[in-house]
């Protein structure tokens, strides 16, 4: 008990280690060596089969002859050193590819998740406040419907209507074509513009469930004595709404928030493909299709580490957020 | 019978407190819930434990009926160490001991599974005691007992869920459940505190009434001296006064109320409201502090010395043992009972 | 990339080039407009692509079409080559002499010399270029001429088909250091900067995750034909995105873009569609070791049952065509190679299900039909699971159609999809009864029947996974009655060395006949590549013009002055 | 006013010094279907401690909430609630606009609820509660906090430690005392306490009661103390009001109620309450249970459990009759009750007599409808002597 | 302990109830009881809430469709069974229209239903089943068992779901819908297991569990009788949530072309519409894409509604109230607050 922080940290590292091992093993299990896709591609370009074979034999980038153990060892060692290997399909260090992709994915996922929560908290609280009213009923209905729409369905609809039919918003890439990649107003504006649809897909579809949860929590908190007492004490409605109802109703959603981040992180595989948004999910899918082991492992690992670290932070901060939780033992986020 | 029904010898129960996330390098806090309690409980006895909240009544009670393993000391049931039996080293099977020691909880709401009907709840003990009883016979027994505790028509009550009962009825069901085990000891942990004032007497009467029928011993926990008095006087038993994990005074209700020897007993007596008009005058509490000290670091010496109006320097040093007073049943742990003690020489505590 | 990567109809970047003979016809300079021709690429994130063609993995083949000039262009309409980066090629039976286009320069201004070409060939030798299947040596004989000597007599058509798609892309000064290194060295090289190309547009480093933009190269011999500044390729990994781009006017051109008919019909009028045969297409490969599929009669029966035109209409009527006779020769080339004899070939019913014929064939091998189900000699229902490359949408449709046709005929047919990588291994290992596979190997040179015929018999792509028997095979005689026996493999192998056209034709006919009778593979559909050019802002040939019959119009037309900014 | 003054019960009769007045207050739920407070009228005198006693669910909390016009939704309060500030004009509480109501609450009348644990925001330190209350009422923070510190010290708490704790870090008794301090921080005149000690053990309850008494003295408070524990409040209150089934059945000075309880329910309650003095044999439970709001019996609501009940109790709801000055009871047979239901203890240490003197006051004096069975009270109440 | 015969000495209690008739339960009565308890009342409760009612209707509709498909009451989809690209309602034999291959779209949807339902069910059962078993065991056993199980759960939770499924799908190319369902929820149980564990920790502290232990009731029986029934509301809600997750994930993966195309599936239909007909951009093919989308939306809507109302079924308070049984005054607390247990 006394070395809790150290223990907790060690556990995070161990989990990452396990996941890396698992990932490595899992991906090795995949049939079809990494060069199959290349083979198909060359064959379809009309390249002569002999030539393809010669080509692939020459392609020394990969050492399929190394034993699994050797591959594993070298992989783990280099991962520990921050080197995720070299992508086969992109012929570039995986770390570089991901370094460029991560910010965009993180941007989209964090923004959408935060927005999702912000709106959900707002709407949920409002529904709870006017519980039973028309407004509540309507919004509850909307929430339920929004919860039954998979985000990719909404994404497709958005692409069709806003991206294609009315051409209001762009549906490909992270920024406009002509925009310089530097921190400038046009760049930021363009990045935001390109993120609107992906973010909206996550936010709108994820909001319903969260709003209903918030509504439930708020109703419960609204029934608490301390809210009633606060009213009697003459506190302003706004303070009651934020400091009393909001704060206490959001608490149970806190760990869910981080889980949701992880969930959305995984969801980018579909999302980024629909929007051709070159982030983690985009590369993950590419790598999967191309059997690009290093890239795949790298992406997988990055997503996992993001998740584990998120949970770790949740764990360490939860007791700060909720003063009632004083011990780390029983209320860990994960 | 040479061995008492239950014998607690020098029982200690300590809990390690779960630690806060941020104090890394400290030893865990240890709560001294029960410290050095020795006690014999006889067949068909009634023992009431009184004391303020957190003083270890529940812990001691649970230890006595083998629900809580003591950190040190032993608990014997008819001469058989319970925990030895549990480990399989006893002459009597643990199973038997287990069934002989039952409990009724304070909160009638939480002591009944909300998803079961009364018949189901009450079938459970019969299943243990009479494994081969058929369900019709079980129902018959359950119904007759329900009627016996005043819940009729029993068939109607039997089909109810706990939430369809009033608090008093729930408590009766809990009592029935314990009784159907045909136990030798029932620990009634604040079994009446949650009931409305007007129902308490009724419940206590019922319990005592059934004691005669079922031949059980009650360990009755309460923070209210007047309830303890009522129960023990009717049941012909004793009251034990607990303070911070220790049993500081033991005696019949009459002895404790008429002649409280321990200053803490006197405090309890003060705290117990009376209806007589001359008692309506509020008197300052006969103690120096209101709040009970932290059981994590119980005070040295006599644990009551931090609040005791009679405390003197000597009370900080040694711990008084519980000793008989005047040859009768009353026992008390206070230096003031020993005329020769250094207490009388030392300076009163002031703060 | 994505689905489209595996979507057989979506991409096919093979280029065959050709030096225009009509270069330099207008020497006057043009007014260059500050316009950008916008196309698309689905290859990969442009920023990660590069311009070393020997490093195939990430070679930017699509934009490479504009950065490098092809030796010659194959015109599918006329069936002939148009020289482009070469001024001349003299192909003899044992040698060939190539003359580089006179005023062709690298993007840094250096002339393209015979040394460059020689280096290119030599590096190609290291990396296994198929030119070296028949080539013995390469020699720069003059400043602009290179001579190839062949190891044996070689059919000139094969030589030309091998040479035409090559591009002038290997500058000696850049690549010479790889001449004496392992192939892997050059295969992992990529330009840091200063890409040395020869085409009318040059790469100046303007590439990011979403696009690559090429700049007009004013010193190109055909620079006067190009009156716009920039050629941009936007990264669109998904076909539907490109469709949307064309529908919404965001794209000016698109090459090799499979587009469903309903989408084409919705295209604005300004979009011109061009279709050229891909010499590639959907077929089925039977496992000849299989007790059922090993029977010629069963294969023939299947072919009779399959209604090819219906399959085509389901899988894409605009973009597929069906061979009149299944015989291992591409649809458009059958007439030319088989002539009148074609009538004697078994058609197996191009647009119908010939149930009767199929039934009698099956009965002839002892199969019987009971309760609408065909059963083998043991009385077991014959099941025909079709293994299918996962994710190839139109192929799935084709297979499903065939499965339904076979099922309603009385087989127990079904479709199972297998991921590409796994499928590859399963065909190679012969782990299938009937599997989808391309019956034409693809690329313009597949117009020369040697390639598809060899593909079907030897299935080298899958290491003979279909277990087609080696050695003599008995088939009905081509003319008259009786049977003839032949070794199809060796027959096919003779084709490239037949230097005389009619000798080649005879060999082809023998092999094709055998193929038609014994069906080593089932030749079912041939793909038509679609590409698109828009005319609202660009001067382009009219819809349907034969100028479009090249691969690819959007790359060829600008060079010819046929695609200019309005 | 201290407990010792309370013996001058007459002072309470001085109607001019009423501070809070409840007239015909009713609270209904379910669109008037269920009455959870049924036509209750009571005056609360300045500087007195009045104890309101009744079993669980009898409507005590409703009464307390009604005093502040703070009935939890969706309850409806009807009737009249008046507040008479020191030297000011009558304030009609139910008529106030939001701003004045906000001022009235906590600045004039404040309240301590059942269960301190749930009255504090669990995610805020105790100090925050004090500060925001001061801010909300535009009070001076510094002075206010100083007062808070003093109040906490009065309640035997260490102000610094308590203020800097989260609620869950305090024991139940400490929380309850902190809550009392919080309710007094704006120097209200009236403190309404709804079972402020129910969740605590007896020792702490008694201790808090002693402290409350001191506070009342120090700050000149009027206190309304609600509890189900009659013996507990008996030591504190000047007057007692007994509730049964959403109505007040008996109101009077503490010693009157203890000594000369006139309502059968009150008497039964006294008999059922275990205490140190009562002889054990005679402790008796009250048979049956109290009614739910939806099915309160017609007529007298205690009738089904009452040994004295007869037909008239079924028909007529009894009005309040005056037993002596300031001691009223709602029973048709209050004169007989003492005889029929003897008390099983000696409330007065064995000299219960003083009642006789003014026991003769005719019943129904201020019961408007007049009790038809209003009989002479002579010689009716001696039965409680033992 | 006293010998059991001691019962006879217990003089004060007459063991034979005066209400003898009530104690005699015939077999019939018991079945009727069982029916009342397990079927009638839950159904009554479910039906009383509009959300559950609609949810049941919708999900029931899908089950009926699945049965229709499984029993072959509706023609199976075949290529060229109808003209190509019929629009919805254009030909009443093919109400939803046809695809590019002349396949009846309605037949495609109908025949995809059984597999989808199987997949959903197996996935949801797997996810909740594993979660309940592990969560309960961990919560109840505590100690090392708890630590080990929770460490496993932590590890499993750290693996991102969708990517994992994709890799596994490619590795194992599962076609059996039951296997697929399990695959999709392979690591779904972890989060649920954790929260069930903490619920069990709470329930374990309840007095009635202690009472059961005091009676010497064996652990498995305590878990079965005291713990699990009280978890049910939470479990049902999560069952439904897991089911919804299976739909979303499976259709998404089919849509990406990651899962093998075996039988019909709405995702495959969407995928083919999207990739081979450009249905997203062509109005003539739009129905091909929209119809399966709607099939998904309605099913998940049904499940959500069901989940929203389902926990009431397990709430004895609601049950007795609706069955018209009396409720004592003392117990009439307002409806359980956990009725608002929300889905994640």
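To keep things simple, chains are lettered A, B, C, D and E as they appear, and every chain counts its residues starting from 1.
Simple rule for what comes next: contacts are C-beta pairs under 8 Å (C-beta built on N, C-alpha and C of every residue); 3 or more make two chains touch, one makes a residue touch a chain.
These numbers were taken from a predicted model, which means no experiment stands behind them.
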Chain whose mean Cα position lies farthest from chain A: D
Most distant chain from chain C, judged by the mean position of its C-alpha atoms: D
Distance from chain E to chain A - Cα centre to Cα centre, in angstrom: 26
Where chain A and chain B are represented by their mean Cα positions, the distance between them in whole Å: 55
Whole-Å gap separating chain B and chain D, where each centre is the average of the chain's CA atoms: 33
Distance between the centres, which are taken as Cα means, of chain C and chain A, whole angstrom: 40
Sequence positions of chain C contacting 2 or more other chains: 6, 244, 247, 419, 422
Shared-contact residues (touching 2 or more other chains) in chain D: 289
Two or more partner chains touched - positions in chain E: 170, 256, 274, 280-281, 329-330
Sites on chain C touched by chain E in the complex: 3, 6-7, 239-240, 243-244, 247, 259-260, 262-263, 265-266, 310, 313-316, 388, 390-391, 393-394, 396-397, 400-401, 404-405, 407-408, 415-419, 422
Complex contacts: residues of chain A adjacent to chain C: 30-33, 36-55, 58-61, 88-92, 97, 100, 159, 163-164, 167, 171-175, 177, 181, 273, 276, 278, 285-286, 289, 291
Residues of chain A touching chain D in the complex: 224-226, 228-236, 239, 243-244, 247-248, 251, 322-324
Chain B residues within the chain D interface of the complex: 52-54, 166, 168, 196-202, 204-205, 223-227, 229-230, 233-234, 257, 267-285, 289-292
Complex interface listing, chain E residues touching chain B: 1-2, 4, 6-7, 10-20, 22-25, 206-208, 210-217, 225-226, 229-230, 314, 316-317, 320, 325-331, 333
